[in-house]
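Note that subunit A is present in both complexes that follow, paired respectively with subunit B and with subunit C.
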Partner chain A sequence: MKRLLLLFAVLALVAGTTFGQSAAAKKNLEDSLKVDVSVLKAADNQPLIVLSTEKKVIPARPANPEALPETDPLHWYDMEYAGWNTKKVNQPKSPGDGAIGKKIIFIVHGDHPWTTACILGAKKVADAYKIQFKALSPNWDLAVQNQMIDQAINERPDAILLIPLDAKTAPQQARKINEAGIPLFLFNTLPSAEAMNYCIAWTGPDDFGQQRKLARVWADEMKKRNADAKSIGVAYVQHAPGGSPYYARCWGPMSELSGYAPSVNTLIKDAPGFDADKASQVVGDWLTRFGPDLKGIFAADDSAQAIGIFEALKKAGRNDVVVVAAGNSRQGMDLVKQGKLFAITYQTAEGDGALAVKTASDWFNGKPVPPVSYIPQKIITKANVDQFYPAQW
Partner chain B sequence: MEDKLKTTDGRSLRSGSFMRFMIVVGIYFAAALFILLGAVLQATGVIRGFLSVQNFINIIDTVSMLGIVAVGMAFVTYSGNMADMSVPTTMALTGIVAVQMLQYGFWPAIGIAIVTGLIIGMINAIVIGRFRANPIIWTLAVNYVTMGVIRLVWVNKQIYPDTVASTAGVSQSFDSIYRLNVVQHIGGNDLLNIRLPMLMMLILVVIGQFVLSRTSFGGQLKMTGASFRAAKFTGVHVESVIGLAFVVCAFTATLGGLAVTSLSRVGAWYNGAGYDFRAVTAVVIGGMTLAGGRGSIVGVLGGVLIIGLINNIMTLLGIPTLSQDIIRGAIFIIVVGINAKSLRSLGRDDT
Partner chain C sequence: MTTPNLKSNRSQVLPWIDRNRIFLLFFVILAFMTAFAPRFFNPFNLTTIMSTTAMNACVAIGFSIVMISGQLDLSIGTVITLAGIIGLGLQPRFGYAVSVPVAIVAGCLVGLVNGLLVTKAKINSFIVTLGTMTILQGVVYQSTGGNSIALSTPVAFSTADFLGKKLMPLVTPRILVTLALVAVFELVMRKTRFGRNFYMVGGNRNTAWLAGIGSDAYIIGAFMLSGLTAAVGGVFFAMESAAATQNLGTNSLMYVMSATIIGGTAMSGGKGGVFRSFVAILTLEILYDGVILFGLGNEVKIFLAGLILALVVLYEAYAVYKHDKVVGQRPYLLKELAEAGVKKG
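Now for the complex of A and B:
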């Protein structure tokens, strides 16, 4: 009889605990679903979280994209459309118990004012959901980022959010996190396609898409200024090699213009880094080398690189060169306002980080999560630059 | 002092004024060869625009900030302490401090930035001069600590002069540290674009050369660099001499940091990155041995110009920056190798 009573008591305790947990989870989910992050604002007074309304058209994959010339947009298929046609592997199921109280580890690529703004945006959403938020920065060191991933796995968070430092190493990193059974969300830079198999979702800018858009605006202006020219010589100041912006911000526009503006002819491209003095030296030498044949410059960065470019143009007494750049830093927007930079892309740093955390929160809340979500694309010119002040970084 | 040097360390100081002159001639001869190479490449149609006044001004202009930093680095190398690896963050910190202090006016900002730089120099001076810490390891550690301080205090944010400065004029003054056209400023032709950093580099070269070759401090530095023990036995206060070399280096790094920050119009942790290795490369190409006690500031200027010419010719040839880095690194290795071999033949190791 005593044993029977004990068994009853244990069963009652287990049932009570389970019911209690389930009730608490239900309450947590209800509370989480009530959180409205759409009211949050970024430092530039734009809404913090806005999704791109443009529908991305996904063409059929060529049999061997890499066999196509680099100036063919489909050569970059596996990078530009990474995540759209993937077979997800070993994906954990959403706990569906609400985002409130979850722990996430947010691993970025390196220290930069952009990254600071990105973390700030992510933190705003995390705070709204009362998520335990831990940001780690490997300061552009791939080996350190790999160590941080190991450290994050050991801490057993509810999710890891990662900006892969190197597109080609990303699959190994993603597989490791996936095999550890920790939900993974990739964001900002595009990894190579295989990495997408191991993550629940990817969020960030459609870097190829917006650079293609910027390229068209750039080409139109160059054609306007050089109406009689049969060939318009241009140069590309590239991003740091390794990450997706290196490809998207050079071959994105280059491949776009091969069809849209075939008269635009690439004279040279180089990745001088992000020092204004180095960019100034390289562009100064290009101006010496190509003289008046150089009609346009496409820069991967609208801050230090753009400053260096305009110093070189000033020294050479050239104000006919059409310069566009990716990003919307304070320096870039000032240059647009001064009429120096012709156009830049709106790339919300805060929104980028915020969308990643929002997507993870939706997943904790049991909502369906698309495999790829883009932040909006906008082109900033002198006509609309005032809308984007104050700059996020 | 020269006599003393010869008697206490005869082998290491075998090179006299004539030898020093010949080394400098050799460096400028090498620079002339690069100009000849550029001229030949232009004549054969491989590159264009090399032989123009504007291009040569550009070359000097683009290396002027490197030249400023290299003058100070040369003092450290000359003292026998190889290099100051804290230069990049000294440049970044002093730049960001200057921008932050623009709220109190231009000159207070510059003054506080210089004091900040000198404090870093003093710390290096005490630890390396007095406690004989390994200069590379110690200054690398200082570099990391300073970076940490910047990241902690400014949270990886960059600061814009015009948002901090007390008035627009103060911001413009800071802007003109890099952009002031000296020739135009004194009423000359605005086509001759001689900017302030170029003038600063030339002034520092003149002062640096005078100090190294014509003052007792220069003689003591030479002796300390050539043979620390011999200098100590001769009565040279080696701690102070080495310490002062690091202070000088921090001072020129501060000037370089101000110019770089003015150019990029932003105070940020990354300003100055890479200047340590670039400055040491210029110093070594300029004929200064890493073992110390040999070389001249005029030679270092030659090294800086050679780097500018190499950069210019490689870019005109269309060689990508990443490949250029490999070539510059290879040149550094070759020069250090030749240097070490010639020192061994003189009875000294380049260690």
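Now for the complex of A and C:
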């Protein structure tokens, strides 16, 4: 009899604890679902979280994209459409118990004003959900990022959010986190397609799509200014090698223009880094080498690189070159306002970080999460630049 | 006449501290992190530290030997990258059995070129290796078109998993390779005539010549060992990441150089050791790991590493100043004279 009573007491205790836990989880979920992050604003007074309304058209994958020439948009298929047609591996199930009180580790790629704004945006959403938020920056060092991933796994957070430092090293990093059973959300830079198998979702800018759009605006202006020219020579100042912007911000526009504006002819491309002096030196050399044949420059960065480009153009006494750049830093927007830069892309840094945390929160809340979510695409020119002040970084 | 007891306790303790400063620093930082850094002292985190140490510790072996020989090798960072790119780039066609040795041989060849230019063309090692570094960067960039190399094949992933798999507490195969190399080179440098000759060449090349040591051969050998260990570090790191990037070794040069100096290897040559450099790298990694666990930023990490380096360099400068001040003095003689009642001056 005593044994039966003891068994009954234990069962009652277990049932009570389980019921208590599930009631607490239910309450947490209800509270989490009440959190409204759509009211949050970024530093530029734009809404913090806005999803792209443009539907991305996903073409059929060619048998071997890499066999196609680099100027063919489909050569970049596996990078541009990474995440859309992947087979997810070993994915953890959503706990469905609410985002409030969860712990996330947010690993970025390196120190930069853009990163500071990105972390700020992420923190705003994390604070709204009362998420324990820890941001780590490896300062562009792959070995340190790998170390941070190991440390993050050691801390057993509820999720890891990661900007892979290099598109091609991302699969092994993502595998490691996936095998540790920790939910992974990738964001900002596009990893190679293999890495997408191991993450729950990817969020960030449609870098290829955005640069293709910018390329069209750029080509239209160059054609307007050089109406009689049979060939319009252009150059590309590239992003740092390795990450997806290196590809998207050079071969994105280049492959777009091969169809849209075949008269635009690539003269040269180079990756001088993010130092205004180096960019100035490289562009100065181009101006000497190509002279008036150089009609346009596409820069991967609208801050230091753009400043360097305009230094070189000023020294050469050239104001006929149509320059466009990716990003919307304060320097970039000032250059647009001054009429120097013809156009830049709107890429909300705060929104980028915020969308990653929002997606993780939706997943904690048991909501369906799309494999890929883009932040909106906009082109900033002198006509609309005032709408985007003050700059986020 | 009795032999004067000239060594006070103070004069015994200070040199001991000086000789063992890197070990003391290691224990102080380890104890601090164990006591205060959250989740520091657990097997997973300690393995992470060892794993992060593995590449640069391996590179530091050869770099230390070059510095002990009185030279400098600025090309180690690009050799790391080159080896990673070769090791992974050739793997799909030839397999790791061929690509890894080729990568290591390539590192040795870079060292051979450096050594020949330093010894035969009599060019300063700083200039030679700066040139090699720049040329290699161009070669790597040109050969890959600026792209990273990644392998997503089952072989690449299984190799990566194996290299990161724990064989015993704190030890993965990649860490084991580094530990074995450190142990072998430390023994060779300390216990064999071949190893001790590097100290002789770096300490005083004329004396080495008088002792019949072929300095040129040792300097060439030092550069080749530097290329070898940098290549081993780079290729194994790339294999565990299943990818090699263009800037794989970019940050290693300053890091390894700082750690080697902190470890007590003199830039002027003739002093230092492989094991000390290893402990210095481990110490810095523990420090960096703790900084991250405290949730502090990268700037704090850079500041602390810089602070330690600055203190070590200042101490070295003070030690040289103090040494120069007493060169030629015979304190025991002065004391004997004083005891005999002869006035100084």
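A few points about this structure:
By definition in this document, the second predicted complex is superposed on the first by the 393 of 393 C-alpha atoms of A that agree within 3 Å, B and C clash if a C-alpha of one lies under 4 Å from a C-alpha of the other, contacts with A are read in each partner's own complex, and residues count from 1 in each chain.
Keep this in mind: contacts are C-beta pairs under 8 Å (C-beta built on N, C-alpha and C of every residue); 3 or more make two chains touch, one makes a residue touch a chain.
Everything quoted here is computed from the prediction, not taken from an experiment.
In the three-chain model built by superposing on subunit A, subunit B clashes with subunit C. In the superposition on chain A, contact is made by A:Lys134 with subunit C only, not with subunit B. When the two complexes are overlaid on their common chain A, residue A:Gly291 makes contact with subunit B while staying clear of subunit C.
Look at A:Ala271: by the touch rule set out above, it reaches both subunit B and subunit C. Look at A:Pro241: by the touch rule set out above, it reaches both subunit B and subunit C. By the document's definition of touching, of the two partners only subunit C reaches A:Gln151; subunit B does not. Residue contacts after overlaying the shared chain place A:Ser303 against subunit B, while subunit C stays out of touching range. With both structures placed on the common chain, the touch criterion links A:Asp111 to subunit B and to subunit C. Once the two complexes are laid over each other on the shared chain, residue contacts for A:Lys168 go to subunit C alone; subunit B is not touched. Among 131-139, 185-193 or 275-283, the region of subunit C with C-alpha atoms clashing against subunit B is 131-139. In the superposition on chain A, the residues of subunit A touched by subunit B in one structure and by subunit C in the other are 111, 241, 271. Interface residues of subunit A facing subunit B in the complex, by the touch rule stated above, are 111-113, 115-116, 241, 268, 270-278, 280-282, 284-286, 288-289, 291, 303-304, 307-308, 311, 315-316, 330-331, 393.
Contacts from subunit B toward subunit A in the complex involve residues 47-50, 52, 54-55, 58, 61-62, 65, 151, 155-158, 160, 193, 260, 263-266, 268-270, 273-274, 311-312, 315-316, 318, 320-322. Subunit A meets subunit C in the complex at residues 111, 134, 136-144, 146-148, 150-151, 153-155, 165-169, 171-173, 175-176, 192, 194, 238, 241-242, 246, 271. Residues 39, 42, 44-45, 47-48, 51-52, 55-56, 141, 146-150, 152, 157, 160, 164, 237, 240-243, 245-248, 250-251, 288-289, 292-293, 295, 297-299 of subunit C are the ones that touch subunit A when the two sit in their complex.
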